[in-house]
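So that you can tell them apart, the chains are marked A, B, C, D and E in the order they are listed, and the count of residues begins at 1 in each.
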Amino acid sequence: MLMVVLAVLVWCLGWWLNSRLANSPASKTRAVQLLVPAIFGITVLLVWELLVRGLEVSLVILPAPSVIAARFASSLPILWDDFAQTILKGALGGYVIGCGAAFLTAILVDRSDFLRRGLLPVGNFVAALPIVGTAPILVMWFGFDWQSKAAVVVVMVFFPMLVNTVAGLRETSAMQRDLMQTYAASYWQSFFKLRLPAALPFVFNGLKISTTLALIGAIVAEFFGSPTVGMGFRISTSVGQLALDMVWAEIVVAALAGSAFYGLVALIEKSFTFWHPSQRG
Amino acid sequence: ADDVTLQLKWVTQAQFAGYYVALDKGFYEEEDLNVTILPGGPDIAPTQVIAGGGADVTVEWMPAALAAREKGLPLVNIAQPFKSSGMMLTCWKDAGIESPEDLKNRTLGVWFFGNEFPFMSWMSQLGIGTDGKGENSVEVLKQGFNVDPLLQRQADCISTMTYNEYWQVIDAGVSPDELVTFKYEDQGVATLEDGLYVLEENLENPEFTDKMERFVRASMKGWKYAEENPDEAAEIVLDNDASGAQTETHQKRMMGEIAKLTAGSNGALDPADYERTVETLMGGGSDPVITKQPEGAWTHAITDAALK
Amino acid sequence: MNMEPTTQAIRPEAAASAPAPADCVIEARNLDLTFQTDDGPVHALKDVSLQINKGDFVSFIGPSGCGKTTFLRCIAALETPTGGSLSVNGMTPDEARRNRAYGYVFQAAGLYPWRTIAKNIKLPLEIMGYSKAEQEKRVNQVLELVELTGFGGKFPWQLSGGMQQRASIARALAFDADILLMDEPFGALDEIVRDHLNEQLLKLWARTNKTIGFVTHSIPEAVYLSTKIVVMSPRPGRIHDVIDSTLPKERPLDIRDSPEFIEIAHRVREGLRAGHGDD
Amino acid sequence: MKSLVAVLTVVAAIIALWYAACVPMNIKGVLDQAERAGAEVTPATAKERRDMSEIGLVATNSFAISETWVQERPRLPAPHQVAVELWETTVEKKITSKRSLVYHAQVTLSATLLGFAIGTGLGILLAVGIVHSRVMDMSVMPWAIVSQTIPIIALAPMIIVVLYSIGVQGIIPKAVISAYLSFFPVVVGMVKGLRAPDAMQLDLLKTYNANTNQGFWKLRLPSSMPYLFASLKIGIAASLVGAIVGELPTGAVAGLGARLLAGSYYGQTVQIWSALFAAAILAAALVALLGLIEKLVLSRMGVRA
Amino acid sequence: MNMEPTTQAIRPEAAASAPAPADCVIEARNLDLTFQTDDGPVHALKDVSLQINKGDFVSFIGPSGCGKTTFLRCIAALETPTGGSLSVNGMTPDEARRNRAYGYVFQAAGLYPWRTIAKNIKLPLEIMGYSKAEQEKRVNQVLELVELTGFGGKFPWQLSGGMQQRASIARALAFDADILLMDEPFGALDEIVRDHLNEQLLKLWARTNKTIGFVTHSIPEAVYLSTKIVVMSPRPGRIHDVIDSTLPKERPLDIRDSPEFIEIAHRVREGLRAGHGDD
């Protein structure tokens, strides 16, 4: 009971601290902008810890953060192997292939109005396919190793990327295109000098959406068959063995990897589209 | 009536016919019980459900139950309707596998999610490693929901149950002559399957034990009825299958095979079988499933009262 | 495919029109243009005939929707007339476009935000295949011409609106086109900046002797700049009046307070009012 | 009209490709069967064929090509097989039958809609909080993004067990998962929408001395509508995926997810594919419905959609 | 919270400033305003002193960035000065804002697209809690005033730009504010429509006897409309000149060709040029 009361107190304290920070004049500084979410995160972890202990929640239902942290620290080699298998091979492999193929297809589609009219609705329809359904099929087709995971990722990221890129390539204004006409520019000249740069914000939007999709796709696909390594494998096996601390350690890895992946793409985006109003602040 | 929730280990199929028959035929009602049957699924760990209080009693395999016990979740076997194990390894004959020794350097499909323990014990007893291909090791795949890895020849052998997956291989057009099977029973590494487990702390509550006595009595009545009327039992299972995916032939055949496994059990756990299971799980090399002799992992209290 | 939604090769009879007099750069005869829209046809230009000679500074003025832009776009081969004939430098407009006969300046500066000012000015040069050294030389030349020396390394959004518009003019001047078509280039700027740019444009015109077609909404601007003012009226777009300016070539800014100027401005305003309905 | 022709052409091309793909995909299975039935097959045994390329097999056993489109358990079912299965399980079965896809779609649909309602409600509330409170904006928003990097299927069984343990069963656990997936796009879109009014519009209200409440109802909410609908369309598709994921561990009792799983479990590829298509059709229909509602609402509001 | 990012209660010493003369509606004394930006402070207003009397029509003109908008926003309490004192109707600007002492018209019409014209005009009335009947009455009144009777049921995008701008003026007139602040209300319109609206605005001013603060970039517009023209110069924004108009109250459109008009325009232009650096 004491712990529960303490948890409520911690929550109030964290919120109070954040209110002070967020409404202070310093709230626009970079430090505070990082500090506030950090305090929020730490508060949530503390409350979680206290509630789990205070309410004596069973270890096999929800482990406390401290237990998860301990497991994380003691299982680094396993976590690394799983990370390499799932993220580096499956997710990243599929991401590169899927986004690359979508980009090339987008150029093709964009060249022909007919294709664009025909392919985009079909693409939207296919994008609505729940991948949980395609995963067992793709495992059957591409085997148990990372190739099938990459295939699932390709299927997941292809259409969001395609739709974004096609939209981006059409982003130029009539005036900008007319300008190219007055120069009697060829297709590829106007592609590289106008349409591609103008499309970049959209392309990056697609790339960003695809990061989380890639991660989720690779992990989910492992539930449908995998070698005895991988984050999805570990999660499902560990649930069966009631090793919930291990499950959460893997979830932490997924969240870290996902955020880092997303952050990286966002960083690259910043350096490529520095000129876009949304990046100029 | 008293409420009882039963968590199954897997989806609705003839493997659990006894419980569905007891429900359908009103055996539970006769015992003044209001039973809810929760089907399982690929990602549901019955042990976790019972730990969370989502069910009163669950159908589980003993290796998983004992492993959970070591993890600090005190599950107790209160009844054991299944006498023998239905687990086996099914291999392509043309892959050149004749004896367990030939498994070395092969790719094998294995169920995980707490169902890998019997296989791991067996391999460690054979002294075969499970961490990749090699002279003295096998490559293990986490087998999905179906028998595709064998049919697609992605694996040389896969895990099957005598009553289920084996027949799916046959249904896919493979003739039994093309296959070689290794039953865990025959290999002497059989572990107990499909027992009824409850939380130890609940057994201190007389009301609960009373409920369980009535539950086990009615369930065994259901099992005996199912054994005697396999076709009707299969129909009852089909009626209860909400997914509409099960077929009549498959369930009738499954019921026939299940009856072979339940035969010889009156519901009470045979301590000898228990000893053999524990021995199998503890035996063998470096990585045993359980490390110390379990205490109080089973009781006859319920069956004694229920079956007298 | 997508790049050329409106322009097709001009119809043969237009191409075959009689060659214009020696110093006539642009000649339109009975030009007609009807847009087919979802709400039915829009008659944007009707029976427009006009001659523009070498070195002329021609302003087009008229109420919104009277077809000023459309006419300029026809000359630039960005739009295809549905009737009449039009020749540019004695060629069809499309041939002229392929020969890069003109520079076009749009209402908004339309600089590419991902390129610096210098790289923006280089854009047409890159496309037309000028050598690197030549590109460099010309960029410096035109930057000086529009008084933007030193700003080549800046990005468009780091410059004021007026400077952007000057850069876009520099871009149109960078390659050797005798004709400069400008569609309300100063429409978005404030009056003072506009005055300043008007002055500079006049100087530039005097120095380069280009032929300029200039669309505007502002009466003083039209009067101040032009040798010839074309007043248009809408529905369908026709030429209402063509006024030849009596102002001298040398025009200080305060010529705008002179009676001659006010007289011409008055005539333009009358012409506009006559052609203009209610808003 | 032009679009329709284009779509039909593309669909026709895809179907043709699909039929072509069936041949190499299914050839091994067909040859195994043919071999068992005693036909002349080159090479003669499954083991030899195992490592051969599919194209090579097609070349040497061209007699088997037509068989690849009518197999009972193909690796890739032919389009007409899926179409026939879809027809039989929707039109020819009673809607109440457990073998009717309509029945299963309706099960999934109810979880989807409930989850969508929860997720949308939650998303809008969060967005309102984020827009009006700097603390929430700064502390919650980054974590909302992180939450989406967590693979839901890892959480799904645990969510279900935790909800079981507090006695919640049936449709709710599925709806919770589906809400988890749909709240995010709504938060993002709604925050964007509620912040859509520019400084001038906000200043205008300030010159009227309007309070926060009036600002919300008269300006922020109406101007967020186009954004809301755009994200609702993404949200409902995500909801459907969530409901299907939620059906997998709940015992795969009923619903399109259960159909998928059961199909996979028994190697019924045709059944998997028809469930997949049913799900995609359902998603498309839901999105189209939202598009229709959007048109109606926005045009009633006078905003041209 | 988010609704009022810039306005805090005005500093006490400003509030305590000595009351202005009886008919002085707005009085600024040594007003100073510095924005703190990421690139360092921007001195937008420096030492601005001005009196505006009841019934004045005051135009603010000056190059882009000279602080016209900022000054108007200070009066409207949308911006807080960092120095000097400012009183509106003898109150602090913020008190005046709370008392709904003024109507504000922005450059773009800024009508809500989801509301009809009538509902747009009702918006301030709803917020200020007028009764339904009163709302109805006033809407009809002001619609007539700006000659839009009959258009109340239309949506903004069904109207031309000029009509939209009139509706937005009607919105600012609907409630009883003696002061009308207008920030380049006609900046986006073409010259002919603009002339028309200028004429109507003058009539409206004559009829209602409001005090009007009007920002513009156009010299003729400023001269044509105002009783007092404030010429500002930038970096930091200062008042360069205040010109009291000698034109009569009655002003037909062609007063713009009169020598008096040209004289005043000339003075304004000179003032502007003097204060204007390079753009």
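Just so we're on the same page, a residue touches a chain if its C-beta (ideal position, glycine included) is under 8 Å from a C-beta of that chain, and two chains touch if they have at least 3 such contacts.
Labels paired with UniProt names: A, D = ABC transporter permease; C, E = ABC transporter ATP-binding protein.
None of these values were measured; they are calculated from a predicted model.
Student: Please give the intersection of the contact partners of chain A with those of chain D.
Tutor: B
Student: Starting at chain A, how many touch steps does it take at minimum to reach chain B?
Tutor: Minimal hop count between chain A and chain B: 1.
Student: Hop across touching chains from chain A and tell me the fewest hops that reach chain E.
Tutor: 2
Student: So if I superpose chain C on chain E by CA, what angle comes out, to the nearest 5°?
Tutor: It works out to 175 degrees.
Student: Just the number, please: Cα centre separation of chain C and chain D in whole Å.
Tutor: 53
Student: Would you mind pulling out the distance in Å between where the CA atoms of chain B average out and where those of chain E do?
Tutor: That pair's centroid distance is 83 Å.
Student: Can you work out the whole-Å distance between the CA centroids of chain B and chain D?
Tutor: The separation of the two C-alpha centroids amounts to 34 Å.
Student: So what's the Cα centroid distance for chain C and chain E, whole Å?
Tutor: Spacing between the chain centres: roughly 35 Å.
Student: Show the residues in chain D shared as contacts by 2 or more other chains, in ascending order.
Tutor: Where chain D meets two or more other chains at a single residue, that happens at 75, 134, 153, 157-158, 161-162, 165, 248, 264.
Student: Give me the residues of chain A that touch two or more other chains.
Tutor: Those would be 61, 136, 140, 223-224, 239.
Student: Tell me, which residues of chain B touch at least two other chains?
Tutor: Those would be 42-43, 45, 48, 52, 144-146, 148, 152.
Student: Who touches whom among the chains?
Tutor: Contact pairs between chains: A-B, A-C, A-D, B-D, C-E, D-E.
Student: Contact residues on chain B for chain A in the complex?
Tutor: Touching chain A: residues 42-43, 45, 47-48, 51-52, 64, 67-68, 71-73, 112-116, 130-131, 139-146, 148-149, 152, 154 of chain B.
Student: Help me check something: in the complex, which residues belonging to chain D touch chain E?
Tutor: Against chain E, chain D makes touches at 131-134, 200-212, 214-215, 218-219, 222-223, 225, 301-304.
Student: Can you name the residues of chain E that touch chain C in the complex?
Tutor: Its residues touching chain C are 63-64, 160-163, 190-193, 196, 217-219, 257, 262, 266, 272-273, 276, 279.
Student: Going by the contact rule at the top, pick out the chain B residues touching chain D in the complex.
Tutor: 8, 11-12, 38-45, 48-49, 52-55, 92, 94-95, 144-148, 151-153, 168, 172-173, 175, 241-246, 250
Student: Which positions of chain C touch chain A when the two form their complex?
Tutor: Chain C reaches chain A through residues 1-4, 7, 73, 76-78, 97-98, 100, 102-104, 106, 108, 110, 112-114, 123-124, 126-128, 155, 157.
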